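Across the two complexes that follow, subunit A remains constant while its partner is subunit B and subsequently subunit C.
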Partner chain A sequence: MVTLNDLSIILPEIILACGAVVVMLLIALYRNHFISNLLTLITFAVAMAVLVGQSNSQQEVTALFMVDPLGIFLTGLILCAAFIITLMSFPYFHIQKEVKEEYYILLILATLGAVCMSISNHFISFVLSLELLSVSLFALIGYLKKENISVEAAVKYLIMAAVATSFILFGFALIYTSTGRMDLQGLGENLKGGDPDILVLAGLALAIVGFGFKMALVPFHLWTPDIYSAAPAPVAAFVATISKGAAFVFLLRFFYSIGGLEHESIWIAFAVIATASMFIGNWLGLRQQNIKRLIAYSSISHLGYLMVGFLAFSEAGIRASAFYLVIYFAGILAAFGMIAYLSGRKGEPVMIEDYRGLFWSKPWLAAFFTLVMLSLAGIPFTAGFMGKFYVLTSGMGAGKIFLLIVLVLSSTIGLFYYLRVVATMLSRADTATTIEDYIGKQSFALKIIVAALFILLLWLGVYPNTFFAMMGM
Partner chain B sequence: MNELPINAGLLLAGLLFLTGLLGVITRRNILFMLMSVEIMFNAAGLAFVLAGAHNGQADGQVMLIFILAMAAAEVAVGLALILQMYRLNKTVDTDVINRLRD
Partner chain C sequence: MILITLLAILMGGGILAWISAAFSKTASRWISLLALIINLFLVIGIWVAQGAALSVGENANWIASVNYDWIPDFGISFHLAMDGISLVMLALTFFLGILSVLVSWKNVNRNVGFFHFNVLWLLAGITGVFLAMDMMLFYFFWEIMLVPMYFVMVIWGHENSRYAGWKFFLFTQISGLMMLLSIIALYFYHGAATGNYTFNYFELLDNIPGGAASFWMMGGFLLAFFVKLPVIPFHSWLPEAYAESPSAGSIIIAALMSKTAAYGLIRFVVPLFPDAAHQFAIPALILGSASILYGAKLSYGQRNLKRLIAYSSLSHMGFIIVGVFSFNMLAFQGVLFQMVAHGLSIAALFIISEFIYERIGTLDLREMGGFWKSMPNMGGFTLVFVMASLGLPGLANFVAEFLILAGAWQFNAVLAALATLGLIVSVTYSLRILQKIFHQSPPVPERNPVDFNPREWLVMGCLTIAIIWLGFFPQVVIKVAQPAFDKMEIQPAGSDPEVAGITATNSFLFTNGTIENSQKEGEVW
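So, the complex of A and B:
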């Protein structure tokens, strides 16, 4: 039975669902890009306000959802990221010759899917929220439907995501055959301690393949650069942050509750995936000329670092992963925000060469972009360094020395391509292509986002303790 | 009632799943790829129904209904995108439509 109390616990999700309906009805009555955008912002803000007012305890809402501190934290993070993406989307889509209003319905629904996924406690709720997220994303990626590459990317993502989902489904079916349970608690009681039988192992393997696709871990990463380079910048930011973060949290919840990492074979499978992601992500990033593809490879390696926190298999590991997610979200949002900032009617500046000499024409923007790149690379006094530091500490506590060595070595490789972007911005070339007509010029919202993320990246890098105190870590 | 031959059923579901996966990998026509993905979904659905019957619960059948609804939603969006792709390129062959690469 669903009680009134249950409903009050999942109020943020209900508000999001209502927000989508309200925006949809409004479009039927009166089409206006600004009002749709504003309503979306209000929806996210109200959901966030309700979330902040809630108690930070562990509560079960039917068998389907489990609202616990990790879920609440992730919900807040996703809502903040969605708020920023909405702000970013307004100037970006305002200059497009496309019908703009429906974008916001899809954005709210995709966010709802991600939020539900991060509090899912049952196979059914997970699969449904995954689909809500994915199906909205297909439409979002192909939203600029006159652009050939955008539609091509959407179809590609559709096929890939559908295959990944069916892998997860088939894996879950096998686990369900063996255990007879679909809720994570029941699975935990069934599977903890004893040796899992062959059906469960096969099911877990299939599920890992599916999760690997969703989180773009090597060797299931092939779609990432294509999708990022072809999707509109705000949507690419959404795919890179929110959808990956939500999938990661369910993976964490799933494997921690069934104690899956206690089994040697499963742990090794994840360790191999994490190692490959760190190395190959950084390695392939080296030869990229396209900045969006570069960020894609960067995000692959970052998910690899995140897996180190996951593999630590401890309380500290969860905390380090959550902190790393915040920093990863901020870094990727800032990078795509920058691309959106400098995009104009002629499109986005996607090649690294487009940024040549940026430091001499727009010093503040270049300084911001430098900070973002350094943070993604993990240089001291930026947020990225702090994130890596905590992940390393958690790995150290769990005694996973091999993974730590891989993390440090692969970050060194990654340093080269981040610094190459910075060097290109610094170089004073005669052929400097100055970007003149860009949307950031007129947009106050974009300037605020850039400034806020700048401060956040510095603050988390220099003095993260206040952040921990705020989050009650 | 006789004991359900769960292994035979799972084998059938597994074969269906592999058929679908093979189709996605080898086909070059987007429409056939979409159909192959549907076969994979339905293989998972079949496995859920079998598992539900094996465990004596209705959950497996509930899951099947959700999977059917999900697949329908995916196909609706997928066909719309493929239609748009056909309008832009006049083909649905993935070898021809391949602009996204390094």
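So, the complex of A and C:
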């Protein structure tokens, strides 16, 4: 029975749903890119305001949702990221010839899916929000439908996501067959302690495959670079941050509540996936000439680092993962924000060569981009280092030294390509391409985003205390 | 508070220098020079005041300190403290900082503001390393040196500097991360044993780890320090990084950055892991001796002047390893003195190579020769530092190497004898510098470079005075650092009776005035 109190707890989600409807109706009445964008921003802002006002306690809303501190935190993070992506989208799509307004409906719906996923407490709610997210993303990725490459990417994502979902569904079905439960609490009671039977193990294995697709962990990562390089920069940012973050949180909730990591074979499976993601992600990044593909491989390795926090299987591990997600969101959003900033009517500057000599023509932008790269690489005094430090600490606390050494070694490999971008910006060859006609020049919103992320990346790296306090750690 | 002032002047000066370059390149140079001069005077002020405080005894150990909470959730604090060792190193840092700004006065013309910003922030990082008393803070400063150094190397370096910068960054980064793992492990070890999770150096000292764990933790630290020092077999980044940097970069990286590693060994490895360090002593001495000899051999074979000097640095750094792992007072004093003396002499050699490069546009030794005729002044100064490099008595390097070898002799005579060979082979490569540049028959298109100008006279004059003065009065430096060493010597004694015996012998020797003797020897010669 849903009570009024229950509704008030999931008010942010309800606001998002209403926002999508409002934007849709408005488009029917009056088509205007600016107003659609503004309404979307307001929707996210109101949802965020409601969220901030909520109590930070654990509350169950029917069997389907569980609003707990982790869920609230992730909801807030996702809403902030969605807000930034919306801001970023306005100048980016304003110069496109496509019909723009429907983009925002899809964006709100995808965000709604992600938010619901992060508070899901039941297989049904998870699968529904997963589908809401994925279906919106198919359309978003192929939104610039005149670009063949975008449509190709959308189809690719459609097939991959469908396969992943079917793996997850089949896995869930097997687990249900064995235990007769679909809510995480019930599963936890059923599975904790004893050895899970073969059906449950098979189900978990299938689910891991599905989650691996969603989070682009090696060896299920193959779609990532294609999708990132073909999708519009704001959408790529969405796929890289929000969609992965939401999937990760459900994974965390799922495996922590059924105590899955206590089972050695499952732990090892995840450890292998994490190790492979760290190494292969960084390794494949080495030869990339396309900056969006480079970020794709970087994000694969970052998800690997995130898994180290997950594998610590402790309270500190959850906190470290949550903090790392913030850092990761900030870094990836900043990177894609930079690409959006410098894109123009001729398209996005996707090749690393496009940035040659940027340090001398646009020193502030280059300084910002250098900071982003150093943060992704995890150099001290940037946010990336604090995140890595937190994950390392949680791993060391849990005694998983092997994973930590893998993390350190692989992140050094990653340093190669981050430095390559920086060195390219620093070099002053005669062939330096000048990016003249770019949208960031006029867009106040983009300037604000870039400045805000610049400050955030430094602030989290130098003095994260206030942030820890805000997170309520 | 004075410690924060030192850092603030450097960082603020760096930003100011960057901004001011938009108006005037010269202003940017003067601002950075002024910032460093102010810092040098502040440090000298402390040094002079310290002379009186030394007699106070116990309390004189920590001259100044500040401690603020930084990230209390992790027990990380902003804790800076200065003792005699830090004081000496800071004086060296600012002195050489001034010289590197002076050397770059004419030859850095592109992006002058950003250059001085990087140099000052680099020096701020080094200053921080010498002062940090919180392990995480130390790591932060340790790593923050990398980024400006990378910029200096890549933007203003020679042709192949991009590759050099890369190699340098990766080597130091991976070893630094291993040290970070060790630091975190130390944090948990201490926290689990005492319930107090902290990165504070002094609190960590209360409960130092033992057994196999301490050996692994020490490994992380050693890796970071051995790479940066560098020691065989971690030296492969060295020739490129030293040779491809612009002169200011070469001076800072060779004369100061390598000293941060030596400082780290004395400050952290020996006190935090006394038992493990003692167990590791023999392998470390072998590595050190090998570095001395192998570095000398490689140095002799080089055609590029800067690479020759770079490998000579590898050879001299071997002495530091030998000294640190001999665990006695004489050797420790020698290590400190070697840090200063080598800092001065290597900086001087790099400066000379820069002056030659400015004049003839190449560093290839085969292109040089017969320069004594046209540049007698430069020849004279070069002679002084070549002699310093080969350890001529009367110059600072001799005192340092003598003390280290005397200390090492008591610990392990065979390896000390091996290391002593280094003094002989150093003659070969050092004299080769002089011979190739100034005396061999000149190359076909004869060059007649002009001799020193007043700025160059000033730079080399300062260095020459410093190195001769320290050669005759080493006590000036050693006395300041002595309280710090006295305190430290208490730590590694303890468990191992044999080691305690050695320590006792040394303090006996020391009280009997070995130092005074060696100083007198210096004077006699």
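One rule holds in what follows: the second predicted complex is superposed on the first by the 473 of 473 C-alpha atoms of A that agree within 3 Å, B and C clash if a C-alpha of one lies under 4 Å from a C-alpha of the other, contacts with A are read in each partner's own complex, and residues count from 1 in each chain.
What we mean here is this: contacts are C-beta pairs under 8 Å (C-beta built on N, C-alpha and C of every residue); 3 or more make two chains touch, one makes a residue touch a chain.
None of these values were measured; they are calculated from a predicted model.
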Worksheet item: With the two structures laid over each other on chain A, which partner does A:281 touch: subunit B (first), subunit C (second), both, or neither?
Response: neither
Discussion item. Under the stated touch criterion, which partner chain does A:152 make contact with: subunit B (first), subunit C (second), both, or neither?
Written reply: first
Worksheet item: A:173 contacts which: subunit B (first), subunit C (second), both, neither?
Response: first
Fill in: First, second, both or neither for A:415, with subunit B first and subunit C second
second
Worksheet item: Who contacts more of subunit A, subunit B or subunit C?
Response: B
Practice prompt. Using the touch definition from the top, say if A:381 reaches subunit B (first), subunit C (second), both or neither.
Written response: second
Worksheet item: Where does A:131 make contact in the superposed view: on subunit B (first), on subunit C (second), on both, or on neither?
Response: first
Discussion item. Under the contact rule defined above, give the subunit A residues that sit at the interface with subunit B and also at the interface with subunit C.
Written reply: none
Worksheet item: Taking the complex as given, what residues does subunit B use to touch subunit A?
Response: 6, 10, 13, 17, 20-21, 24, 30, 33-34, 37, 40-41, 43-45, 47-48, 50-52, 54-55, 57, 59-60, 62-63, 66-67, 70, 73-74, 77-78, 81-82, 84-85, 88-89, 97, 99-102
Fill in: Partner subunit B, residues of subunit A touching it in the complex
123-124, 127-128, 131, 134-135, 138-139, 142, 145-146, 148-149, 151-156, 158-159, 162-163, 165-166, 169-170, 172-174, 176-177, 180, 182, 199, 225-226, 229-230, 287-288, 293
Discussion item. Under the stated contact criterion, what part of subunit C meets subunit A in this complex?
Written reply: 70-74, 111, 139-140, 143-144, 146-147, 150-151, 154-155, 162, 165-166, 169-170, 173-174, 177-178, 180-181, 184-185, 187-188
Practice prompt. Sort out for me which residues of subunit A touch subunit C in the complex.
Written response: 360, 374, 379-381, 385, 389, 392-393, 396-397, 401, 404-405, 408-409, 411-412, 415-416, 419, 423, 426-427, 463-465, 468, 473
